[in-house]
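The same chain A turns up in both complexes below, where it pairs with chain B and then with chain C.
So, the complex of A and B:
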């Protein structure tokens, strides 16, 4: 089997939700192929296809979650092989967490691997994250993007407070804020001081790529 | 004061509470309940509620009382064709049982990881033939191991991976710490409180109970529609989420509607 076939089969194992096969193929691929290629053209490609299937209704959240488990199983194997310079693979950094008052984790747990597979370095702060914890993480990791997960109808309203805390810390202008969850709305998110919102992790990737481009353009003299 | 003729279209989750309040109310009320779980499939679920509203004959009722909270945007775009709709301003049904949004938000602040139990939450599962004492109803009945969804997963991925898929559906409870029984006097004779205690023991959650409050439902059924508590949707208008303290608002019915293309379970 050549490299391309091996990576295709690895992607297919993610799509088939076959974690044992992912681990077997990842081990084989990592013997011959650069780990960044294994992630980008094997594991991430599988997640990308899962995303396309999710958009068309071919698969639903449970399948996406199991695909995430498969992706992570392969990623954990590839990570020790990555050298510092390989981290150039990342296109941007984001800090993500479920907003204060909201203890739900599933939506964020689906989004994080999707974002990682798309090339974002993700700092996951967990659930019910206090506003000052977001501020502290922004200072520490200097992300371009902050993701606020809100999975209940009332907790989306907490966006305003979190954005205000980031503003008060003088950090708002250097980054973009996107809300995610089943009940979010982009116009309402903007009214509360965020930049955008979506209920779909793959749509979020497209929006975040646009945000990165906008930030980069801003920095270009 | 004229007695109002009101039609209720509500979620079965509030069956006992609405029936109780309706029985004591001075208005003349027709009740209709739809299966619990429509919020799991908001687009088609909302269409089912709309179909019940549209089936109400024009000119017969003074108002149609819609017994749903915003519930993950389930009621977004519900339309009043010929009779006004009156809807409690509520994020979800818990507000119905605790009497006000303010109290509900206070409870959420105190225990963000609390799962609230009412008679409806336990009994709708039993009506579907699920085992009494399950900690929650299957999501819209979709993932029980005899369901079409499970059988499709078996066909597509094999039985082992299909079981793994069912298991991941339970992950959302990982951060729950408390099970809260919302108590009403009229439920004292039922075994429901004990069922919640046993669920909490099984889930390793702290059991708590709080007194229920029917006052919001009573005002709704009595026609005491304070605009701060209830949204009235006039004919020609539809519901939109407000994403502020008012929770829901109205706008003129939008001409183009997006069909339901897919829904998550």
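So, the complex of A and C:
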């Protein structure tokens, strides 16, 4: 089997929701193929297909969530092989977490692998994240994008407090803030000081790419 | 006998001006039975919102039955919706699965207006099965909130309903087998296990959940139905399932509804979130359901709000009363104009096909402004509940 066939089979194993096969193929691929290629052309390609199938109603949330686990299983194997210079393939960095008062992870568990598959380096702070933890992580990782996860409407209504904490720390102007979850709304998010919102991880990728372009344009003299 | 109920009955009985030609009870019952109504009924699920609207915090009412009941009746007396929903939170649902000394650590309360949330009770399917097989829910029942808060609160509201001569119905709600199956372990885990775990094991777990829920319905027969409750809401789980899960595991909730309909005359279903068309189809077919409280279209459905409402109404024609609008989110953070528009569009899209009840797909959020809640009610009151010339 050549490299291309191996990566195709790896992508197919993600699409088939076969975690054992993903692990087997990832181990084999990592012996011969550059880890960044394994991620980009094997695992991520599988996730991209899952995203397309979700949009067209061929797969649904349960299948997407299992595909995410398959992707993660392969990613965890590939990551230790990446050298610092290999990480150049990341298009941007984001810090993500579910706002304090909410411990649901169903949306974030889908969003993080989708974002990683799209080329974002994601720092996942987990659930019930206090505002000062977001501030601390922004200082540490210098992300271009902060993702605020909220599963319930009341937690979404706390967006303003988190944004204010980031503002008070003097960090707001250097990054974009996007809200995610089933209860979010872009206009309401903007009224609370964030930049955008979406309930769909693949839509979020498009929006975040636009945010990166805007930030890059701002930095260009 | 409850002092708080008697105080309210003394204040309200025979003193409230009528709204329309029907009583609240008659209006909601007629809509459920798909008969014309004088006005389109409006019955939002106010459970969290009414607590803060009555100037209590969620922490304050957590163990106080009288304050909880007071909040529900006070809010109804002010807004005159067509039903009183009993207050329900997650502690009512799962506290009897947790040993008394561990309960406090399981619940999280961010602030006075925030929902109570919880940590999962089991990390694996085997652990969840173990909880049921060891009948944890019976061993830890004593002193838990289902006993100390949920039941006395329900009985107080039903006492109010009866003493007010059934002007307004009280809606009693209970979670279905799939709702429990997901809640015990957190939804995202269970949803994945429907694919990754052996099917027989998932069926075994769901059967255990069903057995417990069928036994719970005997409690509802004894304590709700015998005390006058006629309107019963099944809080369905399976809200993020796909068609494969619905086909493989949907039977458990159907069996729950089959028994509920032998106890209550008016049974309806609550399915919040992004609704899969296949789930709506299933709910249109299950015997025993009179109405469905549904929510938003599924992610992959490119439908406008009126298109979505019409598609569901067509599905429910001759079978179910449709209940929706505005969305919980719109009621919380959109303008009153937008709230009114969503309610009007829902009613106008629905009435040509079936009856409508204005009832957002999920509970009204604590942060929803009073003006939006009032706008929702006023918007519903502008329509007759008949298929022709319905705008008043």
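Structure notes:
As a convention for this text, the second predicted complex is superposed on the first by the 221 of 221 C-alpha atoms of A that agree within 3 Å, B and C clash if a C-alpha of one lies under 4 Å from a C-alpha of the other, contacts with A are read in each partner's own complex, and residues count from 1 in each chain.
Following the convention adopted for this analysis, a contact is a pair of C-beta atoms (placed from the backbone, for glycine too) under 8 Å apart; a residue touches a chain by one contact, two chains touch by 3 or more.
Note that the structure is predicted; figures quoted are calculated from it, not measured.
Chain B and chain C, once both complexes are superposed via chain A, clash.
Looking at the shared chain after the overlay, A:65 reaches both chain B and chain C. Using the contact criterion defined above for the overlaid structures, shared-chain residue A:73 touches neither chain B nor chain C, since it reaches no partner. In the superposition on chain A, A:185 contacts both chain B and chain C.
By the touch criterion defined above, A:40 reaches neither chain B nor chain C.
Shared-chain residue A:82: touches no atom of chain B or chain C.
On chain A, the surface patch touched by chain B in one complex and by chain C in the other comprises residues 17, 55-57, 60-63, 65-66, 69, 101-106, 109, 128, 152-154, 157, 182-183, 185, 188, 191. Chain B contributes residues 69-73, 91-92, 104-105, 108-109, 112-113, 143, 153, 157, 161, 164-166, 168-169, 171-172, 174-176, 241, 243-245, 247, 261-265 to its touches with chain A in the complex.
Of all residues in chain A, only 16-18, 55-57, 60-63, 65-66, 69, 101-106, 109, 127-128, 152-154, 156-157, 182-183, 185, 188, 191-192 touch chain B in the complex they form. Partner chain C is touched in their complex by these residues of chain A: 17, 19, 54-57, 59-63, 65-66, 69, 100-106, 109, 128, 152-155, 157-158, 182-185, 188, 191, 199-200. Per the touch definition, chain C reaches chain A in the complex via residues 108, 110-111, 113-115, 117, 119, 186-188, 191-192, 194-196, 240-245, 273-274, 276, 298-301, 328-329, 332-334, 365-367.
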